[in-house]
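Can you keep this structure in mind? I'll have questions shortly.
As written, the chains take the letters A, B, C and D, and residue 1 is the first residue of each chain.
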Amino acid sequence: MITGGLDLGVGTTKGVLIEDGQRVLVTDIEPTHGNPLEAGRRVLERMVEEANVFPDGVDYLCTTGAARYMFPDRHLQVSDITASAKGAVFLFPQTRHVVDIGSQSTRAIAVSETGRVTRFKMNEKCAAGAGRFVDRCAKYLQVPMDEMAPKALVAAHPKMISSVCAVLAETEIINNVSEGIPLPDILMGVFLSLAQRANVLMRNVGVQPELTLVGGLVHSEAMVRALEQTAKMPVNTDLRSHHAAAIGAAILGHSRLQKLGGRPVALPAVTG
Amino acid sequence: MGGSTDETRFLTTARDRQREMVEEYYRGLSQAGGPKKPVAYMLVGGNLTEIVRSFGFEVVFPEIVALNCAIKHVSLQNILHAESEGYGLDVCGYVKNDLGLQELGGDTPFGRIPPPDLLVCSFSGCYVYVKWWEALAEKFGCPLFMLDVPYLRDATPQGEDIAYIVAQLNEFIALLEKITGRSLDRAELERTLERARRAEEGWVKYLSSGQRRPSPIEAYFEAVFYMFPINVLRGTEAAAEFYTIVNAEVEERVKSGTYPVPEEKFRLVVEGIPPYPSYRTFWDFFRKWGAVSVAATYPKVGGLFDRGFLHDPARPLESIAEYSLGAYVNQSWPLRRKIIEDYVRDFAADAVVIHGIKSCRSFTAGQGDLRDRLIHDLGIPALYIESDHEDPRYFAPAQIKNRMDAFFESLDRRRESVPLPMVTG
Amino acid sequence: MSGLIPLSGPFGEAESGPPMEISDTFEEFRRAESIEALAGLTREVIADPTYPTVRAWTRSGRMAVGCFPVYTPQELIHAMGFLPVSLHGGGESIEISHADAPLGSFLCSISKSTLELALTGRLTPFRAFVFPYICDVSRNLEGIFPRAVPNAVTHMLHLPQNFRSAATVPFLIAEYRRLISKLEKAGGEPYRPERLSASIELFNRIRSEVAELTRAKRSEPGKLTLAESYLLRRLGGLLPRETYLEVLTRVSSELSKRPNRSKDAIRVVLVGPFCEQPTLDLIDLLEQVGCYVVDDELLQIYRWYDRVDPAGDPLANLATAYAQSQIDIGVRATPTTKGEAILSRVAAAQARGVIFLTAKFCEPALEDVVLYRKALDRQKIPYLHLEFEERSAAYEQSRLQLETFVESILFD
Amino acid sequence: MTLFAGVDIGSTTAKCVLLEDGTIVGKSLAPVGVELIKDAERSLEQALTDAGRERRDVTVITGTGYGRFKVTFGQYTVTEIGCHARGAHFLFPATRVVLDIGGQDTKAIKVDAKGEVVDFAMNDKCAAGTGRFLDVCAGALGYDVSEIGTLSLGARHPVKVTNTCTVFAESEVASYVARGKDPKDILAGLYGGIVSRSLSLLQRVGVEPEVTFTGGVSKNEGMVRALGHRLGLPVNVSPLSQYVGAIGAALHGVERSRGVSA
């Protein structure tokens, strides 16, 4: 049985096809550009081709992410918190705590050994401390995203950012630069400040090993280090973790499909 | 507290004496607790320290512990712990400091704070008091006495309010007699109240000297230093004597002409709780401009003695009731407004500075209306700035300094109204 | 207040239609043929910030008294010839642009929107306002209200917090006497015990009808949506009480005939929104995502006590009923402990979880949540904590978290 | 030795104005980078070039703006609040209220007949409703902020932009675009949000005519109309509105050098 997971996020749209809820066949990603429906369709088409399963070869499709309801050709949708948790535990079975740093929101999620969410907390009022913060810093420090981490890692005395506003942090960083604080210290300060904000959410939920990082910043070694430093424990992550929500969605789709005896049906009560 | 070397800020003898008393007090606390020296937790506003002490209790004021933590820069760790327990960003910093500290074992740089054997909630002008004491009762499972103090809506307390409180005080005394197995020594209570009265009169005398010009005292930043005895040790001989020392030293200041600032440029009335985590920095923003607080509302949170709410050995319970009713934050909004307007007049102030506390609604909610009334109805210049009494994360020095500089700049310019240059713009 | 600005135009508040007009006899509500119709009417009424029912009432020279949450002795206000009106803030339709200045930014929305209504002249139909001391914000709000509504009478009611003292009831009686003299000065009919007894009897009957609604929601949650039961209760603070009783009596007979369309949903207790009101969308959402709200803290004025003894000294009985109420919410000293309180409520409601829905900046609610959480953790009872604002923008985020909560209980 | 220079180092731009006998004879405006001291000097040099004058012609240099302490070559520094009051009064002598929406903060200032600050209020710790907010949202619409000035005019059904957080609003705008909403209506919605946040500040100082709108955002005609509409008052906007702080600073220099002020 092949189930698909589509994570229709604000920044990027991610997809995955999974066989028998066990084996990842293919993953895909593209920027959403404000049009999740189109992005989702393209991602799905590409995956179907690459894994060469015919469209109807995808037995069950489960969507997640901000636009999970905007995708009509779905069988089921689940919240991205439920999905990331499930995905994280699939990728790292010992996971008990998941940190999901998305472009706009950061979530701390406590999970059971089966990947069920037991408690969670996310930033609500504003995007302070979410991933978008890092892109903005990259932009106004004129450092390409992929160079942020390597540059940050050599920091000697990281300079924390006190402003809670992702936009106002700009001035603070410019001040730091003008006061001659070395670039690495500023960059690492950015990641540490981010980790610190995440840590407030994590402590509120209660942190237990193992800790897994999912979402947009999994590529950034600096982010991982910063998180390990503030949480005082090792952090699991790898490149697949970016697709954790999509993977989780596909797996939840699979178990639902099995409950239904292999026959896809209409959407359940939980709909928009 | 503080740890100042700057001689113009403080009365040196008084400050040293005050330090001894603080250290002595906390030393005593760390040995207190249990049946021989039971501990009662109490709130500053409208507190019943005289009654409780006369039953041999040691008294802890978590609000004062909290502000001491903030001054010593250890409040944030307590607050963060409380937040990890689930207390939100918008919850009172005093509450978070205390509950965080309790969870962490009660150790502070100035000694260990013993757990309570009795919780006395004087619900006098702050609803958070009720919530806070409920949380402590749930943690420690010790008895909680709720003294319900009606909100003061008329300048002079009403008979039914006093009767209600006196009845509750008698029930409280009965409870204490039951807990301690000893009965109230009325003579001792009266002696305690007489000592309290003397301390209160000394304190009032000190505060009133702000009316002189230039003012020999800093009625906000400096006065905060001398509040400890009146709030914590009221009813002891030491507290009464302390203010004799203070007032004597104020007189010396006048004789020797050493004033809080070299040149008194602006006389201010200050409203609001100080930003304890950045107390010094904030004070310096005033000193830089030669601005002196000649009167302030915050030093009155322990009791509005200067408005006649004094303890009276001749009317023990009645005067305690009136005192509780008169706590500053228990005064209705119009009464609070009146107090500030009177201070501006009686202390010949040039302006009012209002310091809003982001996590304290009791003090802060509506201060914008106060500001509006001062500026637009009375033409009194007023500045409103906001930070927190306990949480260092809320103090943004650059922004606050910018506002204060702009404010004093404009006061300065309005003094000597400047003719504008001819413009052909 | 300083420089008032006229609010207008496409850049102002979402263009609301012309104000709703209601007949002096409130026929519309008498005639409404079904619960759906009543709910619909009520939606219209509360969407209109100009208080249509109050305008209808005062048109013929009668007077209305605005009552701030959570409890006021409305029997007494009714007995003096006023229409007691439960104020519940500005709802979704108004925008705060005047009230920030006097009140400050770090405060709950209901306090600001109530002041905003006053500063923008929408409270002119009211003769007087009563604020119970439920929190420091409502208390200070009362203090600054007179500058916003110079022609109305405002009164601060100190509801006692010591429920163990023998002096509590006598004090509350004295407190009510102060309110009486204020209302007499405001032009109310002189206080007469027999009139209070009559009002108490009327309110007793309303209370038992409202109790019926909540009982139905608990035993047969499919019969009545949370939104419906909420709207029907909300009407109780807006209509003349005689009309309201009439309406409720018809509702209960309709309810008995209604089928219990039950679905596979999770029974939850809703804690927190006892003062500021969530948006109707959010109230709908709670059940849409797969919950049955079988116990809630919304609009409790008629659930404070079952009945008051109309015989004897009605004023004393009214005070006694308040003092003896076992109701346990954030703005009233708890009679037991928060831990016991939440666990017994969950048990009584046979609920599988608790949803904390607390208003932003509502400190009393926020402080209780921590104690509730501890008790629920001990018993491994799942819960979700959401913050809301009456003009809630974070609908999508609330949906996300509610769905996650439901999924965490359903999936495994 | 007859020129008075005002240098305003803001969060996003550096402005300089040269006054001679109460007339503006030279000005400059440039974005600030990370070396504020250099930016400040450059802005003075550019203004001198603009005026065709020499550094030695300058009598007094006054710095203002959040970077005023970077004007290390100047004699005086004054807060931007005082300078905006002065500058607005210079351009529109009947000004009683100044609304300044800059890159990162919004201020409302009440001034008296002589252009002295009577009262002021500023936003805090959040970019909601600032120039930066507008830049970011314009970007989400696929425009540069300089292009949207008149775009919103004739909007019929302004959308409701519910998010005050710039980052959230950015994606809210993106989703409106995706849903094919008319950019007119989206912008109108954005302006509505910014205006109502500004009103909260204006309320603090009290509104009375004349109202003068300054700062980068006042260049945006849609915003100016939106503000005037909500206020029910005409709103003064000068082509020099971005220079108001610098003008005020220069005027302070004039007065101080006459020794009439502390």
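The rule we apply is simple: a contact is a pair of C-beta atoms (placed from the backbone, for glycine too) under 8 Å apart; a residue touches a chain by one contact, two chains touch by 3 or more.
Because the structure is predicted, anything quoted here is derived from the model rather than measured.
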| item | value |
| --- | --- |
| Each chain counted as touching chain B and chain C at once | A, D |
| Farthest chain (mean CA position) relative to chain C | D |
| Top chain pair, ranked by number of contacting C-beta pairs | B-C |
| Chain centre separation (chain C, chain D; CA means) in Å | 44 |
| Mean-CA-position distance for chain D and chain B (Å) | 41 |
| Centre-of-Cα separation between chain B and chain A, whole angstrom | 48 |
| Residues of chain B engaged with two or more neighbouring chains | 86, 368, 372, 375-376, 386, 396 |
| Sites on chain C at which at least two other chains make contact | 2, 100-101 |
| Chain A-touching residues of chain B, taken from the complex the two chains share | 80, 83-84, 86, 393, 396 |
| Complex interface listing, chain C residues touching chain D | 2-3, 5-12, 14, 95-98, 100-101, 105, 393 |
| Contact set on chain C toward chain A in their complex | 263-265, 289-290, 382, 387, 394, 396-397, 399-401, 403-404, 406-408, 411-412 |
| Residues of chain A that touch chain C when the two form their complex | 66, 78-82, 105, 114, 116-118, 120, 122, 124, 252, 255, 269-270, 272 |
| Residues of chain B defined as touching chain C within the complex | 85-88, 90-92, 95, 123, 126-128, 130-132, 134-135, 137-138, 146-148, 150-151, 153, 160-161, 163-164, 167-168, 171, 332-334, 336, 356, 358-359, 361-362, 364-369, 372-373, 375-376, 386 |
